[in-house]
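Each of the two complexes below includes subunit A, the first together with subunit B, the second together with subunit C.
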Partner chain A sequence: MNGPGLGRALPHDSVLHRRNPTVKLAVSFAVALVLLVPVDPWTPAVLLVLALPAATLAGRLGARTVLRALALFTPFALSLLAVNAVTRPGAVLAHVGGLEVTTTGLTVGGALALRTLLVGLLSVAFTLTTDAGRLMTSLHQHARLGPRATFAVLAGYRVLEQLPERWETVRRAQAVREPARRPGARLPSDPASLARAAFTVLVVSLRQGERLAIALEQRGLGAGPRTVARPVPLDRRDLVLAVVVLGAVGVVLLASWRSGVLRTWSTVG
Partner chain B sequence: MSAARARVTLAELVLLAVLAVVFGFLYWALVQAWGALQLAMGPFGDLAQHVLIGGWMVAAPLAVYVVRKPGVGIVVELVAAFVEVAFLASPVGPTLLVVGLVQGAGAEAAFALTRYRRYGWGVFALSGVLAGLASTALGVVRFGWLGQDWFAWRLGLQVVSGLVLCGLLARVIGDALARTGVLDNTALGRARRGRTATGPSEASVEPAGPDDVEVQVDERTGAR
Partner chain C sequence: MIRARGLTVRYPGAPRAVLDGVDLEVRPGEHVLLLGGSGGGKSTLLRVLAGVVPRVVDADVSGAVEVAGVHLPAEQVPPSTGYLTQDPADQLVLPTVRDEVAFGLENRAVPAAQIPPRVEAALRAVGAAHLVDRRTAELSGGEGQRVGLAATLVTAPDVLLLDEPTALLDPAAARGVAAAVAAARTPYRASVLVEHRLDELGVLPGRTVVLDAGGRVAADGPTAGVLVEQASHLAGLGLALPLRAELRAAGVGSLDELAGRDVRRTAVAAPLGAPAAHVVLRARDLRVRRDGRDVLHGVDLDVRAGRVTAVVGPNGSGKSTLLLALAGLLPAAGGVRGGTVGSVFQRPEHQLLARTVRDEVAWGPRRARRTDVDALVAAALGRYALDGLADHDPFRLSGGQQRRLSLAASAVCGHDVLLADEPTFGQDRRTSLACGDALRALADEGRGVVVVTHDLRLVAELADDVVVLRAGHVAGRGATDDVLADVRLLGATGLVLPPVVAAAVATGRPVRAVLGALRSAVRTATGAEASRRPEGRRAVLAGAVGGTPSRHPAGAP
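Entry: the complex of A and B
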């Protein structure tokens, strides 16, 4: 798996690692919601230019990790740009194979593509600096999530951790039973065998989930009030993080509104 | 339905979490696989996502089918979205939680209309259609689809995909899972057992050839 580390934080310490997970999640949620408003490319572009070095340095993520993560999101972003460029009414810039590329389309498409990269960057910064266990403890402590819900998600997280390995095992086990298979051949990638493997993984995971639930019930989960083993701190520095990030977004939005480049769905037509 | 019966047990919560995680992972894998193809299809890549959209929502009707309590469809979609955001770094970001909420609510509405009592193909079909409509409404808000040329295509594809890949597929997966026995301790498993216990036994319905008539009679008398 060359994707993100499945909820495992990078194994070093940083400013972002130490911040409260609930605060980090809430802040990135707020930013993602605010970003639904502007549809001009300038606002998200400026924010992306600010966020790239900020997230890389504050999380000590390393430029290569960040760029690789952004590369994963690029096809999605480019596809948004392409579809908007040719499907929105407006001044026609060029004709590409019977489709009309409009200026409005390019503007909106560019905005949506940059928004995707920016939100993707925030997601990556969050995942790479947040430990799953700490996140659930913090959500229990600070977001008042009930212990049953917290432990159910953590049980689900245990299943998730083992999914890539389980997928590989099931795929190989099914391939080796294929009568026509030559030794050393690649694993079959037709939809039927992928679906078969997905179904088997689902069955095995459900069975594991049932065992986990029995184990949790035997430990008396949900029977009464609980204490927290390793509490997650929530202090003034978390407030500073929230104020700095939301403040920066506010200043950029204000600046783009005053300078006249800010567009919303109502002004773009 | 009384409040005590409607409360979701811990075992059901874990089952929902596992469903959400496996589907969250499959959704995520689907997105990874889709990326290159989407790029190759250029402007049509964005339309192609509508063909698949139903598959992204299939966990909701499946969860309602298995657990049969109010709210589980929404919960499972929310957890699936949470897994994608918090653990898998989805490019959609935390907005995905809103997406999960809306799609789950759309899919669950059909079952709520029958007060969680009927699980025929028609209810599943309606569930898929409603999920497709809810998802389209959200797309209008997020990406301004109304201002684009292809809105009718988007709407049509989403509804058909919701019908097939979300509604009907959920029933197919649920029945297949129940046959394996992993769902024996759920509402779905109990409902299936209840049906086979009261219905006529399958051996007596099966037509027998002239040769094994005697054997069949023997079996019957032995069973009673």
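Entry: the complex of A and C
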């Protein structure tokens, strides 16, 4: 893989890195919910055009990383566009291989595709600027998540972090058991081989999970009231973030309604 | 601090109790080394004291146990105990070192302002202050174990329970962690340490308790006295003893005495491989890049039939990468030519493919459409002392059994070359010996064997040739005796000989023969004892199994 992984916080500091993880999560979730309403392509397009530079700059994500993230969601977005374009009733725009492409279909498909990219961008911006440990501490502090749940998630995260390497090791270790294997051949990828590797990885990971659980209890998890060594701050700047983002979404929605481009599920039928 | 009276533990479905009427009393300031054979109940005793058995792991427990003022079994973990196990991957839970060490203090509701200084002090005490800002996933084994120890000690437990904390570390890291463990033996604390690498670790706890195969206390007293008095019993249990105790077990005062008496006979019994043997695998100018950096820079290696080549070197020197490249499991520049290659990985469970031990061994021969699968499998099960386990689930075997299984499953395939990555990793002395014997037997059948290892005693007892890697380059190579005697090379690559190997080198005689003589003297002395035990010390290797190597020559010798 080139560049940093998309599943973990970038090591640098930024405005978004410093914001409260629970607030970021809640705001992203709220935007994704609000975006269920419009089904015209213009509203999500304007929001995407605003969010791209905003997230890139505020999180110091780097244009390449953002483009890679969008590329990750593009196939799903395009498939939404294609399926909707040929399955929705409406004025027929063109015939493609016996299927009718409708204007309504293109509109709705375009909206859903752009919404996918926008939600994808927000989730990548969230994961790239949020440390898993700080997120769980914040959920414990600000969303009243219990310590057992919090640390079970973190233990799971540790197991997940080791999964790619373990998967690779097990596949190699099992591939070499094949007597007819030629040196330099690719690792076997037939379903039976993958299933065997998956079984071994599962057994090894579950056992590790059990031992991690013992280690957590052994160090006193769940024994009574606890303190938080490094509380995650929650202050006025987090409120500003929420107001700016949600306000921008509100303004765009209002503008698209007033200008007449806003379409909702009830208007497309 | 610790008081156990008549402690008896039986796991569900087990034929007999794993601990049988154990009495143990440990006062503050007392530090106990707990010894015993594998399956002898050492870990179970620690788990009972830590409150894991029977609260988390089901077992019938009887007798009275009190730890740090708490009567066990209890609903909660005794709050003033610390418990550390072998694998850092099993105890580091949080993403960063700082959070990891703070965790125990948070759970005890220590005020937030007091936590950072205590975290830093705990890390300093184990020599890990520089790791405070690191991510736990990126720590090496030795670093991880130090952080685990700091996370255990940060709450200042009255009772410290340590279950082989250095078993999975290379010798240099093991010495560092052992020193940190020794520093945790304060006058206010009671500790119990299970350990089987007694030969390489500096200062041992003052008192030693030995459990016998039936889970009873066989000896209890000052460490120096118990190790010497019980030397032959302990050697029979599969422990790696300090040099003095091992000599005592062999019934001699020094290796010189032994060498004078025994070397000629052993040298005949284990001839050094013929130098003119043909090359079965030839690597030239092997270069590997992994994760954007060069790991191997042009390594040449000839693997010869009938010879065991050991590859040694510090962590990160490219040893395991070399083995993967030789097995054709990594894209590598340069060339590897020669016969078929089998490979045994560091963790045997990663190679398991079947649901029974018999099917596991039969896997390779069946895929190769051999007609004599049943006979091959039966012979291999016998040879690797697995025949009583044929219908067991491979995942439920002990570590030593899994190691023998992985060797058996690889040996029956009849490859020309067998590669083994850290085959004695985490194993006790008895399994290490069986493993070394198995690899030697494969070489004697005419195969080429390559072993990557940190275990320099294994190298001295097994290898014909040694290749020393450093930072992806060959720093030195030669016959085993020459490399082990090359003080400058060893110093430059940070390799430290275990005391027994250093003593064998100092005799000036063939090292393998001297160590072989020591081993047979210990075996003779402990033989009577071993034959009394139910499972005994069986001959792991009885005869050739598997296909004859194809003797595919890779070129002129």
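Methods note: the second predicted complex is superposed on the first by the 262 of 269 C-alpha atoms of A that agree within 3 Å, B and C clash if a C-alpha of one lies under 4 Å from a C-alpha of the other, contacts with A are read in each partner's own complex, and residues count from 1 in each chain.
In this text, a contact is a pair of C-beta atoms (placed from the backbone, for glycine too) under 8 Å apart; a residue touches a chain by one contact, two chains touch by 3 or more.
In this text, all values refer to a predicted model and were calculated from it rather than measured experimentally.
Asker: In the superposed arrangement, does A:T130 touch subunit B (first), subunit C (second), both or neither?
Answerer: A:T130 contacts subunit B only, not subunit C.
Asker: In the overlay, answer first, second, both or neither for which of subunit B and subunit C A:T169 touches.
Answerer: After superposition on chain A, A:T169 lies in contact with subunit C alone.
Asker: Looking at the overlay, does A:W257 come into contact with subunit B only (first), subunit C only (second), both, or neither?
Answerer: A:W257 contacts neither subunit B nor subunit C.
Asker: Can A:G184 be said to touch subunit B (first), subunit C (second), both, or neither?
Answerer: Second partner only, subunit C.
Asker: Have a look at where A:V203 lands relative to subunit B and subunit C in the superposition and call it first, second, both or neither.
Answerer: In the superposition, A:V203 contacts both subunit B and subunit C.
Asker: Would you sort A:L216 into first (subunit B), second (subunit C), both or neither based on which partner it touches?
Answerer: both
Asker: With the two complexes superposed on chain A, say which partner A:R226 touches: subunit B (first), subunit C (second), both, or neither.
Answerer: After superposition on chain A, A:R226 lies in contact with subunit C alone.
Asker: Subunit B or subunit C: which reaches more residues on subunit A?
Answerer: B
Asker: Across the two complexes, what residues of subunit A are contacted by subunit B and by subunit C?
Answerer: Residues 132, 151, 155, 157, 203, 208, 212-214, 216-217, 221-222 of subunit A touch both subunit B and subunit C.
Asker: Which subunit B residues qualify as touching subunit A in the complex?
Answerer: Residues in contact with subunit A: 10-11, 13-22, 24-26, 28, 31-32, 35-36, 38-39, 41-47, 79, 82-83, 85-95, 97, 141-144, 147-150, 173, 176-177, 180, 182-183, 185.
Asker: State the interface residues of subunit C toward subunit A in the complex, per the touch definition above.
Answerer: Per the touch definition, subunit C meets subunit A at residues 50-52, 56, 76-77, 79, 81-83, 85, 87, 89-96, 98-99, 102-112, 115-116, 119, 136-137, 151-152, 155, 324, 327-329, 331, 336, 340-343, 345, 347, 349-353, 363-365, 367-368, 395, 409-410, 413, 415.
Asker: Give every residue of subunit A touching subunit B within the complex, in rising order.
Answerer: Listed in rising order, the residues of subunit A that touch subunit B are 3-4, 6-7, 25, 28-29, 32-33, 36, 39, 69, 72-73, 75-80, 82-89, 99, 108, 112, 116-117, 119-120, 122-124, 126-128, 130, 132, 135, 148-149, 151-153, 155-157, 159-160, 163, 198-199, 201-203, 205-210, 212-214, 216-217, 221-222, 265, 268-269.
Asker: Quick one: in the complex, what on subunit A touches subunit C?
Answerer: Where subunit A meets subunit C, its residues are 131-133, 147, 151, 154-155, 157-158, 161-162, 169-170, 172-185, 187, 196, 200, 203-204, 208, 211-231.
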